[in-house]
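Next come two complexes built around subunit A: one with subunit B, the other with subunit C.
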Partner chain A sequence: MDLFVAAFGFGLVSMSVIAIAAVGFTMQFGITNMINLAYGEVMISSAYVAYYLNRAGFTIWFGMVAGALFGAVFSFLLNRILYAPFLRKGTSHLGMVIVSLAVSLMIANLLLPIVGYFPVSYQEDPGRLIRWGSIALTRDQFIIIGIAVVLMLAIHALLTYTRLGKAMRATAANPTLARNCGIPTQRVIDAVWLITGALCGLAGVVAALDSDSFAIANGATFLITVLAAAVLGGAGQPYGAMIGAVLIGMITELSAAAWSPQYKEVVAFGILVLVMVLRPQGLLAKRGALAAAG
Partner chain B sequence: MNTYYAVNLLVYAGVDIIACLALNLQFGVSGIVNFSFIVFQAVGAYAAAVLSMPPDTANGGFQHYIGGYELPFPIPWLGGAIAGGLLAIPVGFVVLRKLRSDYQAIALLVLSVIANAVITNADKFLGGAAGIALVPPPLSDRIDPNTESYQYLYVGITAVCVVIALVVANRIVNSPYGRSLRAMRERELAATAIGKNPVQLKMTIFIVGGLIAGLSGGILVGFIQVWAPSVWLYPETIILFAAIIVGGRGNNIGAILGALLVPVGFEEITRFLNNSPSIANLGPPGLIPALQWVAIGLLIIGFLWFRPEGVRPESRRVFEGAPVREDR
Partner chain C sequence: MPSRFVFAVGAILLLAACGGSTPTGNGLGTGALTVGVIAPFTGADAGLGPAYYAACLPAALSINNNGGVGGRMLSCSKFDTRGEPADAVPAANQMVASTSGLMAAIGCTSDEASTVVPIIDRAHIPMFCMTGQSEFNKTPLKYFHRLVPADVYDAYAMVGSALFGPGHAPYKKAALVFGDDIGSQAFVQPATNAFTKLGGTIAINQPIHLGAPSYRTEVQAMLASHPDVIFTEALGSAGTYLKEVKTQNNGQMIPFIGSSATIDPEWFQQVRDAIGLNDLLKYYAGVDLGYTFTGPAYAEFKTNLDASAAQFPDAPKYKQRGSTLHLYDGIIMTALAMVATNSSDPTVYNPKIIDIANGTSGATVVNTYKDGVAALKAGKSIRFEGAGGQNNFNQWNNSQSGYILVGYDKDGGEVRAGELTPDQTSKIFAAGGS
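Moving on to the complex of A and B:
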């Protein structure tokens, strides 16, 4: 039983990591209508940015800020240089999915000669172990949970109380109508790529910090977990992604305790399949996966 | 150019052409973005391997796999094709039934990554990460596979399979069924409105594509005699997508052209580059293979931007008796 209580603790950390990543992904999709399959590779690129800064002597907390900035600028440029021109050209949704997968392949392989195949890890003292019953988490893991909670509250505040957040929701609901109401949708979309890119970069560093070591191949596993959480919650729904992250994070950690940590992604995939069969629109969305793709 | 090189090239070309014809039926003709296409080829290869191999206690039991039936030649290849078709049924049932098309694409991509991870970790099932080796080449009990005539025979059998796949693909593309598929690809709602059942159309072509993909896997594994998770990672599907996009979506000639240009032509150029030491030793290790993948990505993006219809565009089909000529 203690094993499961301990796994519950790890589940709290996992869900925090996934929540940061999945909310970024789902906002990108919900507002810009773009399934960005390069998301996992942007995450891993940011993790490596933090790694090199860390190796140069900076703390990992500085690395997180740098990773977030890198992710924001990278995603923004990716959209401006590649995705937006393709969308303006009238490329179909499926065409965009193929473009983003090609981008993902290119990022991974441009990164590979630089960083190599071998797994690396941050030089970071995880701090002393804080015990609470059978749950034992390090100081760093508590900080990760704290960052996630603060970010989720910030996203909620952004979407609910600010003009930018309301403009984002309007753009997501109906871009043409939003533009006609005087909302500068182009600038809103730029802001979305910056914000979600920052979440993506930060999530990459946090995920790398949470796992003992990481390698280039983790880009694909990050993407799968993020997709599972986003689809489970209802793609395009930030609150859905939070719920999805909570469920995926907890279930994968508990299954790792009960079964084998090798199969974490398989469990995430199993949940994804179940959702797609039983409730393709996700937990929160009304239309989601059922609507025709334009 | 020696015989071995020529035979190698021809068999790979045949396998790639068959695979591209199958993917073209799904992606080019029907608009199903099957990102897990390579899984169907892999299933065919594994099935053909275990059907033709002795039980895993043979050869000192150094590898573990299920099955091992030592069946004579055509059966393993047919088994490979059937395995590909059978796999398409549950996958299609989950993915094609009511999901929207971009969700289908990501679900299939995730399936491809996960299937590879599962087979890699399950080392008792199909050899795990090490894979399966010493797959007996077809007819090896009658003809010595190390002779030159056997090599030509293999090319011949592959060519027959290419012709069969092409005939099947042509029949489908030019049939009323193919017309329904194209109608569904262009506008699913309109096709539904005139009484076509898109789920049924997609399921059928998914299974047909799976059968042909399975056959291509059987041919390949008989030739290279090994099969492992590292040869069917998900980027392999992207190469085939690049082939279809470059060659021209929706027509079989385009698919063949793409197969010859991208997987065959490209691999040969990089093999040539890797063989010259001054280029192969350039930069950090693995630079050239990595740049090869980058080039595949650039090829896809470049073609989608500058020439989305491909080298040989699909011909525009116009109904002769139409009261109004549509000139666009």
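Moving on to the complex of A and C:
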């Protein structure tokens, strides 16, 4: 029983990491209609930005801010330089998926000679272990949970209470109508790439910090988990991605406690498949902040 | 019709001329020679390929600086198997089909050996494989060579380190933390057999999925089983796992014993960065084949390894990597076999590799390619003792030697910590069923 309680605590950390990444990914898709398969590589690129700053003597918390800024600028430029020209030419959704896959491979292969293939670690003391019953988490893990909670609340506030958030929702629902109503949709989309890119970059650093040791190959691993959470919650739905993150994060840790750790991803993705069979649109489709009314 | 015939004959002759050197049973031929390094360069075991590439480059330098193989210069080509049998098959097919002057292949780790070895063998290319899989203990494949013992012996050496290693009381309760890849899982059964029959207990057997972002729950379960020691080979994920052990165990490490694959500069760096140098030096014990890292063969290897940095900057890091030494020796022995038989036909020079490794009665011992060629030209038979030491191939092309117990120094150099006595070794072998 103690192990399950401990696994529950670890699940809180895992779901926090996944939530930051998945919400960014699903917002990007929900508003720009772009399935960006290069998301995982932007995450890992940001993690390396923080790594080199960390090696230069900066704290990992500074690296997190730098990683978020890098992710924002990188994602913004990716859209402006690579994706937007294809979209202007009317490239199909499937075509854009292939373009983003190509971009993902290009980033990974351009990064490889610079960072190498082998795992690296941040030089960061995770802090003392704080115990609460059988739950034992480090200071850093509590901070990660705190960051995720604050960001989720901030995303909720952004989408619900701000003019930008309302403009994002309008653009997501019907970009043509939004433009005709005077919403500068291009600037909204730029803002979306910056905000979701920042979430992506921050998620990369947080995930790398949480992993203790990371390598370039982790970009693809991150993407699979993020995709799973986003799809499970309902593609394009930020609240759905949060729920997806909770489920994927918890299930992987609890199943590792219940069975052999080899099967933890099998169980998590098995549940994803089951949900997709029973509810193909995902858990929160048409109910999230970005969904069209009705 | 005659013009068509002339055209066809002309085309055939043209194709033959474009085909480069043709292996023959008489003469070393012309054109460049290639050694195919078929191994994981990406994927969870990406640390293995570079170690093998670092073997090929100095061997090529050693051979090329001494006139090549009958004037034919040697180069190294990488073929990435990604550590997956399914990806390894096209890589092996590509290597065999598209590489001109392919004189030997090296690498073929446990991850992919089962699928690539038959392909290479069918192509009659001598290979030196870094697989410890038991299916190759008595293989009928003539072109397969193994310069390292089967995994079972690596596992026994780890058990020996736990029970008889220096500086600690015998460990009685072990956690088995091995990657879920084929190569790592090969250690589990022999380690379990030997350790339990000699009075130890297995606290937990934990196959971990390599490349996972975290192992928190796995580590919690492992700690709950209260092991004295961890046996491990989880390449690529060792840093993550061991850092979580330290974190969840209130900053305290548990002694951990690594397989010979953990004697690797990248593994050292990864684990050092994760748990800190002091804990790595204090809690790590490894096993390795008994290398001396001295002598003329090693000096020649080291000189050429350092010179290889021009092509592969990380090459000098592999100065004490056992597999790098052995594969280097394998390439030199193959080149000497070609010179000895005056043939670039693998069906002719392949059997000679064993003669050169084991030596025949009255053979002159040589330690470098240069000395070997000189001795052959003087009409002597030779025995090559290379950077990895003496070789003794059995009838199944397996060459085996004993293990030593090792650790690291602060720079990542291997330090000999002790060795198993013949009595201890025979006890473990008997317990393990060998």
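To be clear about the criterion, the second predicted complex is superposed on the first by the 276 of 294 C-alpha atoms of A that agree within 3 Å, B and C clash if a C-alpha of one lies under 4 Å from a C-alpha of the other, contacts with A are read in each partner's own complex, and residues count from 1 in each chain.
Just so we're on the same page, a contact is a pair of C-beta atoms (placed from the backbone, for glycine too) under 8 Å apart; a residue touches a chain by one contact, two chains touch by 3 or more.
Being a predicted model, the structure only gives us computed values, none of them experimental.
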Overlay on subunit A: subunit C relative to subunit B, clash or fit: clash
Touched partner set for A:D212, first subunit B, second subunit C, both or neither: second
First (subunit B), second (subunit C), both or neither touched by A:D2: second
Which of subunit B and subunit C A:V97 touches, first, second, both or neither: first
Touched partner set for A:Q262, first subunit B, second subunit C, both or neither: both
Subunit B versus subunit C as contact partner of A:L199, first or second or both or neither: neither
Which of subunit B and subunit C A:A50 touches, first, second, both or neither: neither
First (subunit B), second (subunit C), both or neither touched by A:P119: second
Subunit C region in steric overlap with subunit B, selected from 7-15, 115-123 or 151-159: 115-123
Shared subunit A surface residues [contacts with subunit B and with subunit C]: 117, 221, 262, 265
Contacting residues of subunit B [partner subunit A, same complex]: 31, 33, 35, 94-95, 98-103, 105-107, 109-111, 113-114, 117-118, 121, 188-189, 234-235, 238, 241, 245, 283-284, 286-287, 290-291, 293-294, 296-298, 300-301, 304-305, 308
Residues of subunit A touching subunit C in the complex: 2-3, 6-7, 10, 13-14, 17, 117-121, 123, 126, 128-129, 136, 138, 207, 210-215, 217-218, 221-222, 225, 253-254, 256-257, 260-262, 264-265
Partner subunit B, residues of subunit A touching it in the complex: 35, 37, 82, 85-86, 89, 91, 93-95, 97-99, 101-103, 105-106, 108-110, 112-114, 116-117, 220-221, 224, 227-228, 231, 235, 262-263, 265-266, 269, 272-273, 276-277, 280, 289-293
Subunit A partner contacts - residues on subunit C that touch it in the complex: 41-44, 46-47, 180, 206-209, 211-218, 220-221, 224, 236-237, 239-240, 243-244, 247-248, 250-251, 266, 269-270, 273-274
